Amino acid sequence: MNTLGRFFKVSVFGESHGVGLGAVIDGCPAGLPLCDDDFVADLARRKSGAKGTTPRIESDKPEILSGVFNGFTTGTPISIIFRNENTRSGDYSNLVDQPRPSHADFTGRIKYNGYNDYRGGGHFSARLTVAVVAAGVVAKKLLSQFGIEVVSNILEVGGNTNIEETVNKAVEAHDSVGALVDCKVTGLPVGLGEPFWDSAESLISHAAFAIPAVKGIEFGCGFAAANMTGSAHNDVLVDAEGHTATNNAGGINGGITNGNDLYFRIAVKPTASISLEQQTYNFKTKQVETLQVRGRHDACVALRVPPILEATTAMVLADLMLLQKGREVMQFTL
Amino acid sequence: MNTLGRFFKVSVFGESHGVGLGAVIDGCPAGLPLCDDDFVADLARRKSGAKGTTPRIESDKPEILSGVFNGFTTGTPISIIFRNENTRSGDYSNLVDQPRPSHADFTGRIKYNGYNDYRGGGHFSARLTVAVVAAGVVAKKLLSQFGIEVVSNILEVGGNTNIEETVNKAVEAHDSVGALVDCKVTGLPVGLGEPFWDSAESLISHAAFAIPAVKGIEFGCGFAAANMTGSAHNDVLVDAEGHTATNNAGGINGGITNGNDLYFRIAVKPTASISLEQQTYNFKTKQVETLQVRGRHDACVALRVPPILEATTAMVLADLMLLQKGREVMQFTL
Amino acid sequence: MNTLGRFFKVSVFGESHGVGLGAVIDGCPAGLPLCDDDFVADLARRKSGAKGTTPRIESDKPEILSGVFNGFTTGTPISIIFRNENTRSGDYSNLVDQPRPSHADFTGRIKYNGYNDYRGGGHFSARLTVAVVAAGVVAKKLLSQFGIEVVSNILEVGGNTNIEETVNKAVEAHDSVGALVDCKVTGLPVGLGEPFWDSAESLISHAAFAIPAVKGIEFGCGFAAANMTGSAHNDVLVDAEGHTATNNAGGINGGITNGNDLYFRIAVKPTASISLEQQTYNFKTKQVETLQVRGRHDACVALRVPPILEATTAMVLADLMLLQKGREVMQFTL
Amino acid sequence: MNTLGRFFKVSVFGESHGVGLGAVIDGCPAGLPLCDDDFVADLARRKSGAKGTTPRIESDKPEILSGVFNGFTTGTPISIIFRNENTRSGDYSNLVDQPRPSHADFTGRIKYNGYNDYRGGGHFSARLTVAVVAAGVVAKKLLSQFGIEVVSNILEVGGNTNIEETVNKAVEAHDSVGALVDCKVTGLPVGLGEPFWDSAESLISHAAFAIPAVKGIEFGCGFAAANMTGSAHNDVLVDAEGHTATNNAGGINGGITNGNDLYFRIAVKPTASISLEQQTYNFKTKQVETLQVRGRHDACVALRVPPILEATTAMVLADLMLLQKGREVMQFTL
């Protein structure tokens, strides 16, 4: 549902064209320094504004309602809200009867029996990720106190490393394009991850697939491992801290972090909303017809994914750190 | 931790060379016909016995301790245990100081401060999957009452579709080899999956990555989508039931099942335990030394994965069906 | 932690003298009619304003940020916030070193290592119950669609049924006074409650003890049952619907609702904050000293409890109804 | 459902007259010494055998299937099973159509649509508490490592402190009788309990009401507080460790343990199953008729409650300790 985590719990709420959206972070230890400025950089990275991203501009100014006092977290829930400002809901009126292909228009409508807020995708909109990024800022700040760093980058767009050019081509074609994004975590201790069901891969992938448009994930050498022999794939252990000569495992053995860098990649599909004419079923006329999607969209939604992926990954790791170390040990002294 | 699911909850316990292992299934509606024979086929598929699978032969006879009465589920927890019989624990004595490369020997040792049952991988052993398969039998039987079917197959071993030959080569080389396994679910209603965090992909991948040796997962056209344009990737909606002309999405839009077949693939890495000599750190001598792994292992553990992947997937879907339909609606009448 | 429920989940956040507080309700089925006016009556009951309640007057105007569209719930999280307006934080400055007896000042300080927002009790303040009441409005409205009604009343204050007189006496004495409050639920189906750990009593008491100042709960004839024989206590079953001649069980057998009215009582202790001089430890002087509590408080906090107790009880029952009936069955048709 | 706890999770399963029952304990830190003998004392206390307890004698010999290796917990799930031996299922055949008054016969039948194992109350039987006691042994042993002790005693039976005589009278009258049982916890740190929903009282009462026949709970002076003034009820704080001159709060302020003894009492109703003739509805004849309950029952089931109440309380506190201290800090060194 809308809450992730057991110890560091993040609940998100909101719709694209409603009053606002936000996150509640429950379980963050007391005494972590936190202020409005901490959110600026990652919210800006998500907002982008670069060519290939939506022309809808939102100020994305967080308002902290609770959980911070005198510049430090209190130990009780941190709630952060964002108001929607730049909405043009009229743009979406034609999608009620004609769902966009490969979008949540149809599934949301059926799941919620027609009561869903369909404007701009409603709760399914990528706009919700502004709340995810905000929660991620807190998670990353918590992890940084223990020397853990989470960094995500775009590797390829449309199969090319020449990212800007490929995005431009998609924009010009009124089309969209997919991408490959990676994530690396440094500074992790050995031992994070929980058998049987909560392997490090299980938890990280669970969170990553909540990001709209993610359709694949692989750890270490991932799918390439399916083609390899054990003698080629195994990573030789070279010291008592668990360091290995290679890192085909992506830093995880038996579902547990092994002291090496944690590394994985995700596949982001092309944005479903494109300006090119498409065919789709019309519920009113009961036949397949041409749809012209209006509204403002990303030609390459993946351009905005890195801070979001860092956020989901950091939440999972903050949760696992709290389980191992305990809230008390992670508390800060005045 | 060791429990998966919220409504159809599966807890697993046990170690490879301990007294036994098992599963507790909590939340299965009352009135589902269930008997010992129901478990035979899938447990046999998992056991394999084919070339390339471990020569350790276990009877894998389930004992149902609770939750079944007069041939039907009672609605209270179903507990199923299996006793370990064919254990040769002496085989593992040298691994205490010399952890096998890319195995959980090292991570398990550190995580549990040296108290883990290291024999045969203990709780990290693929032997635990016998309990998973047993729970999956119940989940699949529940789903079948609603016309939902889950089927998994091996697509490739070591990059080749000539599976038997590739496995034989690995056996002869005293090596192991990875594989690509798929899973298809038919008969699903529209609407399964929960925003924001519990997308259908999130839940299925969470469960799949609990299977030992899984290192990647992709839904629909998956990683290929990273290279595609939206106009090529979008699936045209052709009727009011949600059917689409293509199925690049793998049956999921916005994290919600869309009425088409759900389809995904996983990458299974080569078994870490190989008989070939390998290098690894020795905690006693404090240097990297040659390790000769004894014991009985799978040259291609993926050969046994299909019933396990069906099981984890069926558990997730049973959970989602219960959330939508309610325990009462899923109850069966005498 | 700060979330209650599995299917109808209520998260609360906020502090007494911070920016604001609120609730996020996740899992409410789509299509329930909901508007601002629905909150007026219960928020007014909680606010009271009667003699014996705090002179701090707040407008308690809810702002719905998400989850409601065109007058109906959308099926996605409903978030409701309240801003604090009438705060006089200076009133609490002396409590940092001198914790109020029987209040959370001391436990909150130690638990959160001194980082807690101590003003007005912070997150421990009864002010948080405004968010609980708001969530309860939604839960009660959901239950009412199925003919279930939850009603709470004050039975006694300070051991007397002459409630107003007893409260007045406490006000005049600059003291506070405890009370006995009951709750009755009508229209429940047979079968709510989950063995082994989630009996109807377990879930209702769990939620009730979250209300500040509650120190006891008893179902049916409760503590009197400890003095009775089975022949006197047993309720004779008189028809196939489960009706009983007496209701000593309070409508619950074996932890499961039995089709009769559910009935229980709670003991509310006197408000800890009183204007009378008291002794307490001073952390600065390191000795026990006289404390004069300033600020504005309830002489009988129990006067405001009925809508809060209805809210916590309704949340629990909404959760159990969803488990039995499923989200889909509880969905409303356009 | 059948699992309690988030960090120290206890799942129970089984029926009174089925093959067996048991518990799975997930989350216990590695390195806790544990052997079969540890279970003897508490299982014997629960078994009783004293006058007033059931003549059904079971060996109650625990079999540990997993989670213990070389005399220490491994950190992975501890599973313990008990086989039912002394069952006389024929005794219960008449209860299918004529549910015992105030028992779960009726509610269980309706909830599970007639598929429940009705023999001896099935999953609702007090026999399940043998698994609870076993799990409690582990929880108490864990707490004892930190100097925390949980002790429960019977205070009164049928309103009298002359316990044996009152029980004897009930036995002779072929009737049953209720009782008052207390529980005291010493050695607790300040700070256990989680706002908003998981107050120490919330969690302890949740677990206590899972014990069959419990109908009331009160902390500190409990229901008496409803009759008191604040000046009489407040506990004066006397030192920096949180000690108070009186303990009317029962060791909990604002839902958080305050460093004093935690103290509460529960009301146990008289056993529903009595040999005296009673009236109840007959589903076959569709009228109220006389019922003669056969089978073997406790005249005062409360006599066996103390080790069970210690167990449920210890589980809750173990859970809270793990949250504060973290699994790693609670780990033991070889």
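All chains are identified by letter, namely A, B, C and D, in their written order; residue positions are counted from 1 within each chain.
Heads up, the rule we're going with is that contacts are C-beta pairs under 8 Å (C-beta built on N, C-alpha and C of every residue); 3 or more make two chains touch, one makes a residue touch a chain.
If you're wondering where the values come from, they're calculated on a predicted model, not measured in any experiment.
Asker: Which of the two pairs, B-D or A-D, is linked by more C-beta contacts?
Answerer: Answer to which pair has more contacts is B-D.
Asker: Compare the two sides of the subunit B and subunit C interface and say whether they are made mostly of the same residue numbers, over half shared, or of different ones.
Answerer: Mostly the same residues.
Asker: How many angstrom between the C-alpha centroids of subunit D and subunit C?
Answerer: Spacing between the chain centres: roughly 26 Å.
Asker: Mind checking the centre-to-centre distance between subunit A and subunit D? Centres are C-alpha means, answer in whole Å.
Answerer: It comes to 43 Å between the two C-alpha centres.
Asker: Quick one: subunit B and subunit D, Cα centre-to-centre, how many Å?
Answerer: Spacing between the chain centres: roughly 36 Å.
Asker: Check each residue of subunit D and list the ones that touch at least two other chains.
Answerer: 1-3, 12, 76, 111, 123, 191, 195
Asker: Per the contact definition, I'd like the list of subunit C residues that touch subunit B in the complex.
Answerer: Result: residues 6-7, 76, 191, 195, 322-330 of subunit C touch subunit B.
Asker: Which of the residues in subunit A end up touching subunit B in this complex?
Answerer: 1-4, 12, 99, 101-104, 106-108, 110-111, 121, 123-124, 128, 132, 156, 158-159, 170, 173, 175-180, 190-191, 193-199, 201-203, 205-207, 209-210, 212, 214-240, 242, 244, 248-250, 253-258, 267-274, 276, 278-281, 283, 286, 288
Asker: Touching subunit D in the complex: which residues of subunit B?
Answerer: Where subunit B meets subunit D, its residues are 1-3, 9, 11-15, 18-22, 24, 26-27, 30-31, 63-67, 69, 72-79, 81, 111-117, 122-123, 331-334.
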